[in-house]
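Both complexes below contain subunit A, partnered by subunit B and then by subunit C.
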Partner chain A sequence: MLAPGAVWLLLLFIAPFGVVILVSFGTVDILGKPVFGWYPENYQQVFDPIFVPVILRSVAFAVATTLLCLVIGYPVAYMIARYGGRFRNLLVVLVILPWFADYLVRIYAWIVILGDEGVVNGVLKALGLHGNPPVVFVNTSFAVVGGLVYDFLPFMILPIYAALERMDPSLIEAGKDLYGTPLQTFRYVTWPATIQGVVAGAVLVGLPAVGDFATAQILGGPNTYMIGNLINDQFTGGGYWPFGAALTIVLMALLSLLMIFYLRSASRPPEAAA
Partner chain B sequence: MSERPVVHQSSGTVVHRGRMGTPASVATDVVSRRRPSSRRGFDQPRFLILFTALVFVYLFAPILVVTWFSFNSKRSLQVFGSLSLTWYDQLFHDPAITGSLLASIEVALVTMVVATTIGTLLAFGLVRARSRANRPTDILMLLNLVSPEIVTAIALLLVFSQAGAFLSQFGIQFGFSLVTVILGHITFSIAYVTIIVRGRLAALNREVEEAAQDLGATNTEAVRLVTLPLLWPAIIASGMLVFVMSFDDFVTSFFTTGTGVEPLPMRIYAMIRFGVTPEINAVGTLMMLITVIIVLAALAIFARQQNARQQLAFMAE
Partner chain C sequence: MASDIWTADINRRDFLRGGAALGLGGTALWLAACGSGTATTATTPTLKYPKAQIDGDLDYFNWAQYLSPDVITGFEKQYGVKVNQTNFDNMQSMMAKLNAGIPYDLTFPTMDFVDQLVKANALLPIDHTQLANWGEIPAYFNNPWYDPHAYYSVPYAIWTTGIAWRTDKVPDSFAGSWNDLWTLAPKYSGKMFLLDDFQEVIGMSLLRQHHDVNSGKRNELDSAASEVLKIKPNIRQFVSNEIPGLLDGTAWISHAWSGDVYQVVSQAADPTIYKYETAQEGVPTGNDTFVIPKNAKHPGTALKFIDWMLAPQNATTNVNYFGYPQVTTTGIAAYQKLIAQYPFLNLTLDQALHGLREIVPTGSKLQLWNTEWTKIKAG
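The block that comes next holds the complex of A and B.
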């Protein structure tokens, strides 16, 4: 019974990945079709001064997205887990529901709201604000990070919620009975008890954010290029496939490092709540 | 989920001195028992409630704005004329969009059936068969699940183009089309089905199946008559999830689609690149409607299944 699934994944997941590695060391023929070979300079090109900022920017955007999701998501998860009462399940469904709207439409919605011709600028112009348009949103880093936060916020809220729900609420009471201030109780009781949820959320948000390209493609411009956009250019914009394959491998390596970091911290026993 | 009653019970005994309560009364009691002076700051529910409300506005505003403007009679995003179905009318008279909509539904249905079948078999294999291939298969599946979609999509693009070049030597045509899109979608869907179905399968009481066998059922009969009926809700729910993921998928479709009829998200992407047009609001609203109906149905099935499972556990006691 394992066979169909295992064979399918071997043929269409593992083998293709091997092809990416082969192509990343290859070159192209006159028609631009990949030819296998040994051209490690494809990888040298990845670390060319033109492209390094793009990789760094991808990581920076992903880190900013993760932190913003944490700051926004933790209080929401806390509120639902502790004070949600019988509405808990409903609230959790409401958190995830917008995510099921089409991915592109969710990104595009921000152009509708904050674009040059969008709703907010319409209101501001009607109020007599100057500037043309009053709010410049599209093509900024702010727009791309904002879009990424919107894309992935539910994936931060859900694991933190799960961790908070697993936690015994009487621990918080105990912290307070020991005259801990709310901040101390949070710092020494709640946060350590839910750190695994936070780390899981960071992985679920951070990994896809590094590799995302539609958000930067739609909300960003030349100054917000991410590694995903660069890869996309190689494969659909008449670029150089072996370079695109090398970029893909570098991206995968980057994400694997993050993944290993996660697995290590997840396998560590949770910090005892002092 | 299963731990929750225990947590409440303990908070019931600790906080309320042995008084048990429903989750709602526990929560409100916790709130009302807070000492006013020592519980300030971020643990203040009033601040938390306001903050959460704002986040929900943030989560839903974009979707509601898109929906609202899809009914605008005017082309503008700043002036609302009157309620109208103009853009929906245009949509259904645009053969490119209706063709893409049908293509997307077709892709999603095929993906759903194939991925659900393979994924369920895989779940059975992982839970029931104790073979040496279990652990590698498990790892394979988890790797597939955590791999970023752009990486798997590029890998498929390369392998399909290599396969096409290879097969053309024998005069066989294999290019990018809806078939390659379906192959890609099935590849990323299998693991989700397996995880959902495996969770239910592992939670099922093996004894029920053994009881059927004691009553003379063969192994296959026991699975068909006892296990499968208990598993159907999980299988259907995972199938619906796969349908939605396939229907909404952009990245994998983008790199595996051909020049013929494209899935709907490709059409939307082209429209967005071309500029903001009100038709996008209408297509987007339509897609959301389809997706949300399916998701809510899946959730309802899932919730019913949990009840059924609790009843079964009760009966087993």
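The block that comes next holds the complex of A and C.
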């Protein structure tokens, strides 16, 4: 029974990943084509201090994205789960509907909205704001984080929604019966019951956000260079493939550590609250 | 890149993104200036010369909208074949496809990539006697630095790299120097673009400090990178396509490619507000080429197509379409006519031959350049 899955895993993940590992220890020929070899110094370069700001920036953007997704996504999931009624499934479909359009198209759409000559600046100008444009939105860190939030928001909403749906609503009533204020009920009943969904959402949003490059490339400016851009430039911007491969491996190793940490904590028996 | 969505001809503007603004300098100049590799030694081709006769449909691999569709249709009608077009958006992705062994019949590498492809014996030789219109090619290209004896390539178009600006927003006088970007940066902070191209940016900064545009010296490269970092806070964006920004007012001053500036003036509501200058410290200049990769399935048709492109009538049609000087006697004349009202876009063959070539760094030098570029992007 395991065989078909194992074949796919081998063909589509392990084999390509093996090639990346081989390239990461290699060098290049005159045409820039990777050549296998033993050049561990490719990894030494990864830890060059000049990359520290890139890594810190990527992590900061990912953390900000995750927190914003949580702040926006939790109430949305809560409203759907608690008050969605018979429209629940429709509302969930609406959450993921934009994902039927291509990722790049959706990022570009933000330029139409927030660009110097975009819709928002047009409105601001009409309202009498000065400046040309009134507000510079695109090419800033805010635009990149905003774009990332927009990219990954459903990955936060869906697991939280699932956790809320699993939760017995009578627990909330019980909290209120025990004279809990709405805030206390949320703090001591709802939140602990859905924490697993929140953690799953944070992993699903945070990890891909660290490695994202297209958002920063399109909505970003000179000060939004992320580790994904650095890797992308190695492969498509005239860079050095083995270094790009080494960066990829190191990034994957770090993200895998976080993933293992999450899986171990998720596999622990649920706490008393649930 | 941000505004690519606004227009259809993305890739022509992304032109050179792969980092290949080179020049056709005389061989002596090249030897003097060159940091990477030495002049290619001319080895007589070992692969078989194709004959210029139709041997199937043409698998054509080029930048998008970088060659007149009318000329392509004309070729299809004349010879009763189809031209199957595929596009790339930078030199690296073109090279990756060739390296993967995909059998294209005709592609368009820039000169430094021709140099690499020749050294790697990855191209089919071209017999000039098979080309009825070879006489249209200027004499220099019988023996260009990147392809001794022109065994493997036919030149296509030339360009320069310089600074473009909007005179309505920036009334300041320009000094014809790369230093203009530094002197104007504080005043026009947030209104300047640099090209998202490591050779162009580092090369420009090296030239400003009177160093070799292809320097391999760490101290020179370090200083070039830290000088760029000084104006980075004033840069709105690194772009692979400066055209939309110059058109829509996002950029008032931009590091720019000459062909792109022609695109700007030809699309602008008021073309008179634009200007372009090249720098006295050195003008990065380059050309690209027609080549037939060695895996080509229909090299005969490819050769026929090259000859078709060199024909005077077709070269004229093509130049009027894409706005670059095509390197044939007729193509250059057609370009002079096309840009007559924009004297700042004037580009003669002689200028091109005496410009500076940016040569894509390889090996350890590539790593060095890459590190400096990362410092600029990450800093």
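Convention: the second predicted complex is superposed on the first by the 264 of 274 C-alpha atoms of A that agree within 3 Å, B and C clash if a C-alpha of one lies under 4 Å from a C-alpha of the other, contacts with A are read in each partner's own complex, and residues count from 1 in each chain.
What we mean here is this: contacts are C-beta pairs under 8 Å (C-beta built on N, C-alpha and C of every residue); 3 or more make two chains touch, one makes a residue touch a chain.
This structure is a prediction, so every number in the text was calculated from the model and none was measured.
Chemist: Of the two partner chains, subunit B (first) and subunit C (second), which one does A:117 touch, if any: first, second, both, or neither?
Modeler: both
Chemist: In the superposed model, does subunit B or subunit C contact more residues of subunit A?
Modeler: Partner touching more subunit A residues in the overlay: B.
Chemist: Looking at A:108, would you say it contacts subunit B, subunit C, both, or neither? Reply first, second, both or neither.
Modeler: After superposition on chain A, A:108 lies in contact with both partners, subunit B and subunit C.
Chemist: Tell me which partner A:237 touches in the superposition: subunit B (first), subunit C (second), both or neither.
Modeler: A:237 contacts subunit C only, not subunit B.
Chemist: Does the superposition put A:83 against subunit B (first), subunit C (second), both, or neither?
Modeler: It touches subunit B, and subunit C stays clear.
Chemist: Determine, under the contact definition given at the top, whether A:132 touches first (subunit B), second (subunit C), both, or neither.
Modeler: It touches subunit C, and subunit B stays clear.
Chemist: Regarding the shared-chain residue A:33, is it in contact with subunit B (first), subunit C (second), both, or neither?
Modeler: Both: A:33 reaches subunit B and subunit C.
Chemist: Which partner chains sit in contact with A:182 here, subunit B, subunit C, both or neither? Use first/second/both/neither.
Modeler: A:182 contacts subunit B only, not subunit C.
Chemist: Touch check for A:222: first (subunit B), second (subunit C), both, or neither?
Modeler: Touch partner of A:222: subunit C, not subunit B.
Chemist: For subunit A, give the residues common to its interface with subunit B and its interface with subunit C.
Modeler: In subunit A, positions 33, 108, 111-112, 115, 117, 218, 235-236 sit in both the subunit B and subunit C interfaces.
Chemist: Under the touch definition given earlier, write down the residues of subunit B that touch subunit A in their complex.
Modeler: The touching residues are 3-4, 7, 10-11, 14-15, 22-24, 26-28, 30-31, 38-43, 45, 48-49, 51-52, 55-56, 58-63, 65-66, 69, 76-79, 117-119, 121-122, 124-126, 128-129, 131, 133-134, 136-137, 140-141, 143-144, 146-152, 154-159, 161-162, 165, 183-184, 186-187, 190, 194, 244, 248-251, 254-255, 265, 268-269, 272-273, 276, 280-281, 283-284, 287-288, 291-292, 295, 299.
Chemist: Which part of subunit A faces subunit C closely enough to touch in the complex?
Modeler: 28-33, 45, 48, 50-51, 53-54, 108, 111-112, 115-117, 132, 136, 138-139, 217-219, 221-223, 225, 229-230, 233-240, 243
Chemist: Which part of subunit A faces subunit B closely enough to touch in the complex?
Modeler: Its residues touching subunit B are 1-6, 8-10, 12-17, 19-20, 23, 33-34, 72, 75-76, 78-80, 82-86, 88, 93-95, 97-98, 100-106, 108-113, 115, 117-119, 121-123, 125-126, 150, 153-154, 165-166, 168-170, 173, 176, 179, 181-183, 185-186, 207-208, 210-214, 218, 228, 231-232, 235-236, 241, 244-245, 248, 251-252, 255, 259.
Chemist: Which part of subunit C faces subunit A closely enough to touch in the complex?
Modeler: Going by the criterion above, the answer is residues 1-3, 5, 17-19, 90-93, 95, 99, 116-117, 119-120, 122, 190, 196-199, 232, 235-238, 248-250, 360, 362-363, 366-367, 370-371, 373-375, 377-379.
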